[in-house]
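Both of the next two complexes hold chain A, though its partner changes from chain B to chain C.
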Partner chain A sequence: MSALKSETYRQKKPAKQVIQRIFLSEYFILIMSLIYFVCVIPFAPRIISQSNLLNLLSNLWPLLVIAIGQTFVLLLGGIDLSQVSIIGVTSVIGTALMSNSFDPAIFEGTPLWGWLIHENGGPLAGSAASVPVSIFVMLIIGTLIGLFNGFFVARFKMPPFMVTLVTQMFLLSFAIYLTQSRNIMGLPESFSAFGTKSLGFIPYAAIFVVLIALGAHFILAKMVLGKWIYASGENEVASVVSGVPTKKVTLFCYAMSGFCAAAGSAIYSARLGMGRPTLGEDIMMDIVGAAIIGGTSLSGGKGKVMWTLFGVFFFTLLFNTLNLFNLSYFTINIVKGLVILAAAFLDVIRTKLMTRMSIVNGAGV
Partner chain B sequence: MKKRVSLLLALVMLATMFVGCADKKGEEGTSTSTSSSEGGSKTIALCTEDLETEFWVAAHKAIVDTLEEQGIKVIETNCQGDANKQLEQVKDVITQNVDGIIVIPKDGDTAVAVTKEANNADIPIVIFNRPPTSDEGANITVVCDNATVAEACVDYMVEEAEKKFDKTGEKLTPLIMVGDLGDPNAIARKEGFYAAIEKKPELFNKVIEVPTEWDAATALANLQSAVQANPDVDFLFTSSDFLFPTIQSVLEPLGKWVKVGEEGHVIMGGLDGDATAGELIDEGIIEGTGVQDVYNEADLAISGILDAIEAGETQPDEIREDPGFALTQGNLKEKRMDMWGNILREQ
Partner chain C sequence: MSEYVLELRHIAKSFFGIPALKDVTWGLKKGELLSLIGENGAGKSTMMNIVGGILPADSGELYINGELYRPTQPSDAKKAGIAFIHQELNLFTNLSINDNVFIDSFPRIGVLPLIKKTEMSRRVKKALEAVDLHVSPDTIVEKLSPGERQLVEIAKALSSDPQILIFDEPTTSLTNKETEKLFGIIDKLREEGKSIIYISHILADVERLSDQIIVLRDGCITDEDKKENYTIDRMIQSMIGREISQLYPTKTNKPSKETALSVKGLSQSGIVHNINMDIHKGEVVGMFGLMGSGRSELARIIYGLDPYEAGEIIINGEKVEKHNPQKAIEHKIAFVTENRREEGLLMEFSILDNLSLVSVPSSAKGKLKIVNDECVKNKAEDIVNKLKVKCPPIENNPAKSMSGGNQQKVVIGKWLLTDPEVFIVDEPTRGIDVGAKYEVYNIINQLATDKKAVWVISSELEELMGICDKILVMGNGEIHGELAREEFDKENILKAAFNQTVEDKTEKGGR
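And now, the complex of A and B:
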């Protein structure tokens, strides 16, 4: 019977086989994105203008780095809802350190006044190293918050949804408390340049994100740690039995998620030229949506940095084109929601199809 | 196979980028040719923050309708309160070679960021109703004199408070619902409130400040706590009229949502001049409201952007002020139909 099924597969028409191969390919989303991109050109020719492509890319980098962090947590079968608040809290602290001036009339009543910030700026104001040191501090804080989340998930087996939701609420309120809802302005030019300028023709933000993405890809694809992450997400009990240090793996993944959120925060803050306690508050759907569209599974054990890149590319492209079509904001949100749902549905179909094919091939070939 | 597919896809992406880069020159050419080839037809982008209050809805409608009546194409975006998204949307409309941009910014700091983008692209920009927090960059700022309007409204409330004080001999407990302090309008309204209160300090206990962040849910939670802690609040100013339904939900169960002159009445006022405030003034529930003339502000914004486009000014830099006024129980008969909220109700 199996041999007969296998024969049927072999006899399929080449065109159908190609479509099936594309559908099951790990490049499926990228191919879809490019087809979509080409199809949109006649309706919105501006999409291929240089300025629009540059916009598209500048929107892609911060979301990509944050989604890469989320991918690590999703690979474990978890979720990190606190990323959006890590963006806000690190934005406030990082920019407070480097800002060149604070208006006493606005900031005198904040808890940071007097010991950290003064009329003449933050502690690093005017220093040549203010920008790199502040970004470094942002990354450290993001990582520490991630470790905090990871500790509760790994040590006490608390549901990641609950732990990170609580952290999200706490951090959002904490960020607002720190500045009493004020934005931090007066940032050094070199910080704004980090978010808006290029080294030659490559934006600084792109260099920063690509380095992190390569590091993340190396960890997942080449290191034993990567195998442990996949194994822990696939079957935690079997991983423990096999000697995988699942607690340390969990700690690492959440720390990575916090680190990446802080990296995204640095880019967003630099682009806006300000520190905002509510920065990133509304982008949770974009982060998780982009990772899922790329093919990362919500149930863990499946995902790649490359897939997340494809997902973020598609998501950014979609949002860009919807804006170019001048659709209303609620239409844009409806479309975004439907696309995420379709992506999750396609993922289920593809997984089932691949499982069926591997069973058929395993028995028949 | 995988390598071939990757190579092919990379080539397609690179080709697209080159097409994009090659298009740059054409793009520059188009921006000048659009207006000449299409006989002066214009495209203006309207980037809004959200449309959750009557004031923003009325402003949005007035601007869009007026522009479209003049045959001008309007491109609309809405960032739903996300400053970062608003910046992205402004960058998006810039790529569409619009002739001008009108922005209702998330806050004064975001106004600075979007002004910078428009200036870099040499496109005139109008900042509507929420002025930038710094004078960096060039824009046409259309703004109401919030401090004066708030002060005028609270002055009337203070007069009423004085009458009550004379009658009872008891100091009143004032409460102000403060807006998002990242918004210069919120700061100006707060200043206007204090300017009026400080004229008669002998009438009042310490002022209670309730932060709202311009968010109804935040306002509700904070007002409930404040009123529980200070049940004797009898003088209330909201920095925006859209919070009156929230205030009603807190005061009504306490028996304090009653008409002027009735037992337990709280002296109340607001700012914006929306339909809800108009109705409450007519019913005698509140003393008055500061009115921003939304139609005047829409006209100022439209004439500002069109004048700049006609004059070929890419970085106009000026402030166009709406003087506003206070509609109170005292001047209701004369000024009732000057308030945009009442005009909307009549319509």
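And now, the complex of A and C:
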């Protein structure tokens, strides 16, 4: 069989073979991104300026951590639409806890006034630990919301689209209700520093996200839990029969998604320097799109943290360059849509090609 | 005019340089039933795909009624009067019988894009009568039993008034009663002058139905003769290319007195009622029952997949509380389900992932349960060698790249890796070929010899009589009888399964 295989390969020209290998490689999107990056330089030289590169990277981290969370849910064949609202809710609550001052004229009408927030700030105002504790609370809330989603999906077999769409609507309105659609200001200096400053060369946000990403990668690639997540997403019935605790696995993935959304929210809020109920409102497409471009399958069982990283990188790069070209918001969205469509199309072709290759490999059996 | 309705001359086909059919020539006469048999991978499907216009032949010609026939797409076959009845039912379960029958050719009102309902119902009614199925044409297919669906499939095939019908494993999902009915219809079709190609692994059926039998092996015809000249032994010999002295391995196990699995008064309303059974270490217990008798449901309950209302499950002397599959695995139960594709394997995942799925936690390291890749891979490779699984490298080839028999071995293998004490196997040889069947029987025998308790559920009585120490007969959710090996008798078992009159017994006697 192997003799036959090499024969089929030898017939092809080496150049074609290299292209095919790149096309089928899991680094395909990364390679595409780099080629794209190089091609754009002549048209928008500003892209390689230090300020732009820093800007590009700072846009990368929050989207990356959120998309990693989404990847866990996509691996199950589910989807988490509530992430965007988790960002808003945790942004509002986290910043309310740490804020040092609230303008009575603005916040007197909010439901938080009096018992949680006062004129001289939230419950943690002035405390040295206010920032880490607030971020911790944000992460807990995100996880709890994720568990709520996961509970309904796992226990009652409700369609994830429905469950998370409802939580999305509910939480978005809830976040707006909490602050009566005001932004929360007066945050401690150290919080903004978390979003904008660096430890030496490395931004705090990057450290935060890379730690989470490594953890996520470790879970998927090294732990039994990871094997279970993939198996549940590929064939839930067979997984149940094989003793995989699919309900717990589902709960975990949604919790992870909520956790990651909250982590992203912390970075976005810190960068913005305020808590905003509608913070994540329009990035749903970016999150799912980036994961899909990376190669994660919407039908479950296929995806990796690294692929999502490549997808997010490509997406961020694309967005960055479109901005450099001074395109309007609408034009950017049109291009984004086309790119996602193209990515989905490429994925279909790649899967087809890979199946054909595996037939070649397995034909002798 | 040629004497053949359908003729293949020197048909050859290879995939990526590997021949699947080598210079095959045969013909089908009018009103004849020709059976094609052969192991999986012998080339039957490839041949039928060529006839059906799904695959082009590399060389050779096809003739229909003496005229050259060059199909390029499935609709060409239909136009030429060939109808397929597939193994896996191709019906839309969410649509009515009407819609299914006419899915590719709805009768229209004039040239308007509107469906002529009355015409449709009239024609479907006629087709349903022809297959002796008495339901309204508006019935949603979902509500029909597998047997009735198979009849709808035939009615659909008949609606285009074909001259050649091709049945591909039509009985795999049917009960014995439904199978008998199907055979009656096949006989009737033959009397009407239709020519039929019948593909099956069930050699007794082939013997019962055929006029002519063709045996394929490795893409060549190895035997071709009139039915009268065949014995089942000759068919098997031609299929596997060597003489096999026996269908079942010599039993080497010695049942002990120690009970491995004991079930007491188990009930779940509407499914099983007051089940009492014991399986001893080193024993192979068969369970025979017709589809719907509750046999698979019982296995699911005992494995912890489905709930039960009353009774006890005792494994190795320990009563099981709050049952679920994880508990069952902890108690060393293994469960090979009847649906390999849906419940047994992750078809897209690698053979290695499939083999290790159940046992991976047991070798994981530390509190974080880190997968021990090397250990997992070594164990999986050992089992592949032990079970003689013929497969490509296990790490990067999906389960779907293997043949049915090897897939089944992988399912068994993944359970062997958990070192189980009680083995539940449901229809272990469904859809796999004779050679692979023998190997599966061998594995079962070996397990029992190693003092494991094996519980085999099957609707193939012969197979149970060949490999079991004891057969339990199930019907209507109850155990109707228990026969020790000395008492094995086809008639008695069938009688117990039907739990009723002698007429039924004689009706089934032929199978």
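Heads up, the rule we're going with is that the second predicted complex is superposed on the first by the 353 of 365 C-alpha atoms of A that agree within 3 Å, B and C clash if a C-alpha of one lies under 4 Å from a C-alpha of the other, contacts with A are read in each partner's own complex, and residues count from 1 in each chain.
Keep this in mind: contacts are C-beta pairs under 8 Å (C-beta built on N, C-alpha and C of every residue); 3 or more make two chains touch, one makes a residue touch a chain.
Fair warning: this is a prediction, and the values are worked out from it, not measured in the lab.
Student: Between chain B (first) and chain C (second), which, if any, makes contact with A:Val241: first, second, both or neither?
Tutor: In the superposition, A:Val241 touches chain C alone.
Student: Going by the contact rule set out at the top, does A:Met274 touch chain B (first), chain C (second), both, or neither?
Tutor: A:Met274: touches chain B, not chain C.
Student: Report for A:Leu324: first if it touches chain B alone, second if chain C alone, otherwise both or neither.
Tutor: First partner only.
Student: Per the overlay, which chain contacts more chain A residues, chain B or chain C?
Tutor: It is B that touches the greater number of chain A residues.
Student: Counting only touches as set out at the top, which of chain B and chain C does A:Tyr230 meet: first, second, both, neither?
Tutor: After superposition on chain A, A:Tyr230 lies in contact with chain C alone.
Student: With the two complexes superposed on chain A, say which partner A:Arg155 touches: chain B (first), chain C (second), both, or neither.
Tutor: A:Arg155 sits against neither chain B nor chain C.
Student: With touch defined as at the start, can you tell me which chain B residues reach chain A in the complex?
Tutor: Touching chain A: residues 2, 5-6, 9, 12-13, 16-17, 19-21, 23-24, 27, 75-85, 87-89, 91-92, 94-97, 107, 109-110, 112-113, 116, 133-134, 180-182, 211, 213 of chain B.
Student: Can you check the complex and tell me which residues of chain A touch chain B?
Tutor: Residues in contact with chain B: 25, 27, 30-31, 34, 37, 46, 48-53, 55, 58-59, 106, 180-183, 185, 268, 271-274, 276, 278-283, 320, 323-324, 326, 328-329.
Student: Going by the contact rule set out above, which residues of chain A touch chain C in the complex?
Tutor: The touching residues are 4, 7-8, 222-227, 230-231, 234-235, 237-245, 301-302, 358-365.
Student: Name, in rising order, each residue of chain C that touches chain A in their complex.
Tutor: So the residues of chain C touching chain A come out as 15-18, 303, 305, 325-326, 328-329, 335, 337, 342-349, 353, 356-358, 360-361, 364, 368-371, 390-392, 397-398, 401-403, 406, 414.
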